[in-house]
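Worksheet: one structure, shown below.
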Amino acid sequence: MSYRENVEITRTACLADGVYEMWLKTEKMAKEAKPGQFISVYSNDGSRLLPRPISICRIDGNKLRIVYRVAGKGTEEFSKMEAGQRLDIQGPLGNGYELEKILSDVAGKTGKKVDRAVLFGGGIGVPPMLELAKQLHDAKTCDVEAVLGYRDNQLFLKSEFDEFGHVTVATEDGSIGTKGNVLDAVKTCKITGDVIFACGPTPMLRAIKAYAEENSIEAYISLEEKMACGIGACLACVCKTTHKDEHSQVNNARVCKEGPVFNAKEVEI
Amino acid sequence: MEVSKLTDKDLNLGVDIAGVHLNNPVMEASGTFGSGMEYSEYVDLNRLGAVVTKGVANVPWPGNPTPRIAETYGGMINAIGLQNPGLDTFCNRDIPFLKQYDTKIIVNVCGKTEEDYIDAVEKLGEQPVDLLEINISCPNVKEGGIAFGQVPAMAEKITAAVKKVAKQPVIMKLSPNVTDIAEMARAVEAGGADAVSLINTLTGMKIDVNRRTFAVANKTGGLSGPAIRPVAVRMVYQVANAVNLPIIGMGGITCAEDALEFIMVGATGVAVGTANFNDPMTTVKVVDGIRDYMIRNGVKDIHELIGCVK
Amino acid sequence: MEVSKLTDKDLNLGVDIAGVHLNNPVMEASGTFGSGMEYSEYVDLNRLGAVVTKGVANVPWPGNPTPRIAETYGGMINAIGLQNPGLDTFCNRDIPFLKQYDTKIIVNVCGKTEEDYIDAVEKLGEQPVDLLEINISCPNVKEGGIAFGQVPAMAEKITAAVKKVAKQPVIMKLSPNVTDIAEMARAVEAGGADAVSLINTLTGMKIDVNRRTFAVANKTGGLSGPAIRPVAVRMVYQVANAVNLPIIGMGGITCAEDALEFIMVGATGVAVGTANFNDPMTTVKVVDGIRDYMIRNGVKDIHELIGCVK
Amino acid sequence: MSYRENVEITRTACLADGVYEMWLKTEKMAKEAKPGQFISVYSNDGSRLLPRPISICRIDGNKLRIVYRVAGKGTEEFSKMEAGQRLDIQGPLGNGYELEKILSDVAGKTGKKVDRAVLFGGGIGVPPMLELAKQLHDAKTCDVEAVLGYRDNQLFLKSEFDEFGHVTVATEDGSIGTKGNVLDAVKTCKITGDVIFACGPTPMLRAIKAYAEENSIEAYISLEEKMACGIGACLACVCKTTHKDEHSQVNNARVCKEGPVFNAKEVEI
């Protein structure tokens, strides 16, 4: 079940250059949210009609936290809002991670219980991994190994990941951790695991998909696409799938409905 | 200010379109609502005069590459390319779903050739659907579609061909990308159309100046949303003065006042499209808002408003 | 991110339109800026590539009754009806005013008949103006105007007639209210046009649902503003691919990024219309923004951008 | 000279049902403003591009006060704004009252010094009369007789007029003062004067124009028309004039430029 709510912003902060967080007090939404899901955030300016899909970064009681990078007019508008102001949001949307199911699926396929999950977050793909890290940590069924890629030394959210597992950092400019991307860090630091969860720019996801296939690791990746309805009705946000899916009959899964989390094997990116 | 004494039960919001009775004039526009399934989480479909389905063809269509949409000022452009699962899946899944509700079913039909349309319309003849809406105006597919919608003789021909096999009344959906919309309406009237719906999207383009590329992969897309409402209202007005057919008006409706613009220039039905993306409850808000307007203004019957501005 | 080392003086923003050199591609759109007098309180007219005057006819025109405008979602409709003081007053007052500035003068000419146009163009031959823009697309006057703009043969004929007497290069201003804008552009090219400008306004209508009447007295009006930009960009793209004439692109430009959309699909010049009403400094902000974009992206010459998206 | 400024709202209040006031801290605008002039107020919502023309109600140092009725989406937006928020405005616009010139013109035409000015304000036409009343009062050259028409007993601004002259009230519902309109009050209370200044709905202005002609009194009235540029460039806001004016050559004066204040004799309404 998902909802439309006009919510109050309870806290905002700037986490790094151009990266902001917002805490939202929801009525019902937070209660049903899962890691990997997203919400549609609507502009208060009538010239911008379409929702901005933003991943859920943390769920805390009836509150949702989102972290976003200013990428255009909509996110710029959000970045100027303050606690006490209100926003229309809709969600939780998308499939998100059904953790128990995924972990037992993976165990079934590989014939081996998942002892260590590797979480890849690249850039603004870091925030969606945080709630996942927390829930994996709290479930105590496997270790959490987070590999986070940043542009520079502004390691937003990094310290919060430290609470939930072991963290490795890669930076584009080499200022901290491995110079390069998250896979460079994997090689340098010899990181291994039994399942991969990843969110980040498409080139990174493409590399992780290849890496996972080479190493026969199951990988779950979060895709992005432009959205209009955000709920599966308009067919704007499709991605190519390897198998014909029930809904489309034409190998087009909806990122907002069947996704945004896909088994890397099942999508062409 | 005088306050009218009308209450809900004094009001008649019901309208007839080509002999089919709708509980109220409000529906959603094809392609913006799927077959209603996803929106049923937000909207009680029983409250809608009709549900208009996403365009469906005789066989599945894959649609266009992504990005398929781009936001524009007060609107959006889309080039979905009429992705659809084909009639078989549609008839097994979507029609039974909609039959659960007390609303009329309007199936939007697309095709690349006359044969495609005829095939689909024939198959739909067996189905419990109330009206067919023939999309001859989709700007986002290379073949067919839009050509039928821009040349009067072609529009008349395809209408006549469809009418010949159709078991349900036929609504022809017109493209606004023409010099003279009245001429197009007269052509489909001559072809035997039972009703017209308008407008489909205006062909538009957006450039991503930072990446120096087209914002939608198909280069052009269909512009919709409140940005285009004045063009849509003007065209409905022109068509209402040109033909004797019921009109379903659409293009940028976001609230009851917007819908009333269309009704007042002659639309019998109204459809909400892009606004659903901004607020999934728009359709029911339009129904409620029309009712409130009638109460506030002492209008007992919606027919007092249809075409009242001349 | 790499930062380009370009500075202001490395840049070339100058463009040629039909042999006339403009310091930069930015002007304002006819009818939204008078003859620049009122706006000169807010804008240094020397900063504009050209000033395009409000449409002027051989004799004074009274225009339409009020209300002449109505705000619409992300735009407006206007039915000014080409009120103008006639060429005599215009030549005595407005041209001398504009000659004080280091900018080019483009005079927009309207008429009801071919004779009107010829009369006005002949009189302007004596005047120190740089370019003529012939408005064959005004939807708000009953006679002439729009008919010339919607029938290719008529457009070609009026272009040829004007060219025969014109002393200055002739820009034909096209109406978007046509099925095929490329065909119209080819028609005026065949007639001898030196350049084209597009788009004029889309015909629209707004209803005041509370008063149950038309929002503008003329019933229909021309829709302009950012709402229509995607239609305008699409048409400029189509025309750039259809003819070999310089194009002045307009329709909903509010900032440099908007202007660059037009430039990237092939416009040599760009004009700001409705946005002046929202912010009188829009034109100079567009000039500054284009310059900033070029510096940021290491583009030395605006010609690298003209038509770069194919 | 007029200006475009992004100004801070320093005070807001609701004065009557649907009637609000706003004080704006300007840089230069207030310094140049005259009674009878207006400002263009711009929406912060991108879907509304055109300015809302609102008359100047009071000028106080660098501050301008406007009073407006919620008539649609734009004024509704303004009514929800609070002190500290910002708005784009442009002005001062229009001719406004050149008081000395008008008073001497009238004296010239009638051969009699103006001893008493009658100010008519109807409904939301009341506020623009306030600064005029103040300036006439402060100039001490004539008495101020204000005749204010309201819908009901919500006599917004009335007490402020009391400070500047004698006030007569008419209400539509008869709850206070004369039942009826401002001209009913004139008859009932036998009000006379040497010049008329009026702002209000068109039917009221039409009646005042007729009344002034019958009684050979010079009358200055403030007209309204839909505006796009607000500065005289677009020719949206014209009114019919009895004489061919210099600018248009076609008996069409611009309300935003030659007006909004016209000698009643010179316009057809």
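Letters are used for the chains, namely A, B, C and D, taken in the order the chains are written, and counting of residues starts over at 1 for each.
Keep this in mind: a contact is a pair of C-beta atoms (placed from the backbone, for glycine too) under 8 Å apart; a residue touches a chain by one contact, two chains touch by 3 or more.
Keep in mind it's a predicted model, so treat the numbers as computed, not measured.
> If you tally the C-beta contacts for A-B and for A-C, which one comes out higher?
Ranking A-B and A-C by C-beta contacts puts A-B first.
> Can you work out the whole-Å distance between the CA centroids of chain A and chain D?
57
> Can you check how far apart chain A and chain B are, centre to centre, with Cα atoms defining each centre and the answer in Å?
A distance of 36 Å separates the two centres.
> Give, as an integer number of Å, the spacing between the C-alpha centres of chain C and chain B.
34
> Just give me the whole-number Å value for how far the CA centre of chain A lies from that of chain C.
47
> Check each residue of chain C and list the ones that touch at least two other chains.
73-75, 226
> Hey, what residues on chain D touch two or more of the other chains?
Touching at least two other chains: 46-48.
> Drawing the touching chains as a network, do you get a line, a ring, a star, a complete graph or other?
Its topology is that of a complete graph.
> In their complex, what parts of chain B are in touch with chain A?
Within the complex, chain B contacts chain A at residues 31-34, 37-39, 41-42, 54, 60-63, 66-71, 73-76, 78, 80, 83, 85-86, 89, 225-226, 274-281.
> Can you list the residues on chain D that touch chain C in the complex?
Residues 1-2, 4, 42, 46-51, 88, 90, 225-239, 247-252, 257.
> Please output the residues of chain D touching chain B within their complex, sorted ascending.
Residues in contact with chain B: 46-47.
> Would you tell me which residues of chain A are touching chain D in their complex?
Touch list, chain A to chain D: 44-48.
> Going by the contact rule set out above, which residues of chain C touch chain A in the complex?
Residues 73-74, 226 of chain C touch chain A in their complex.
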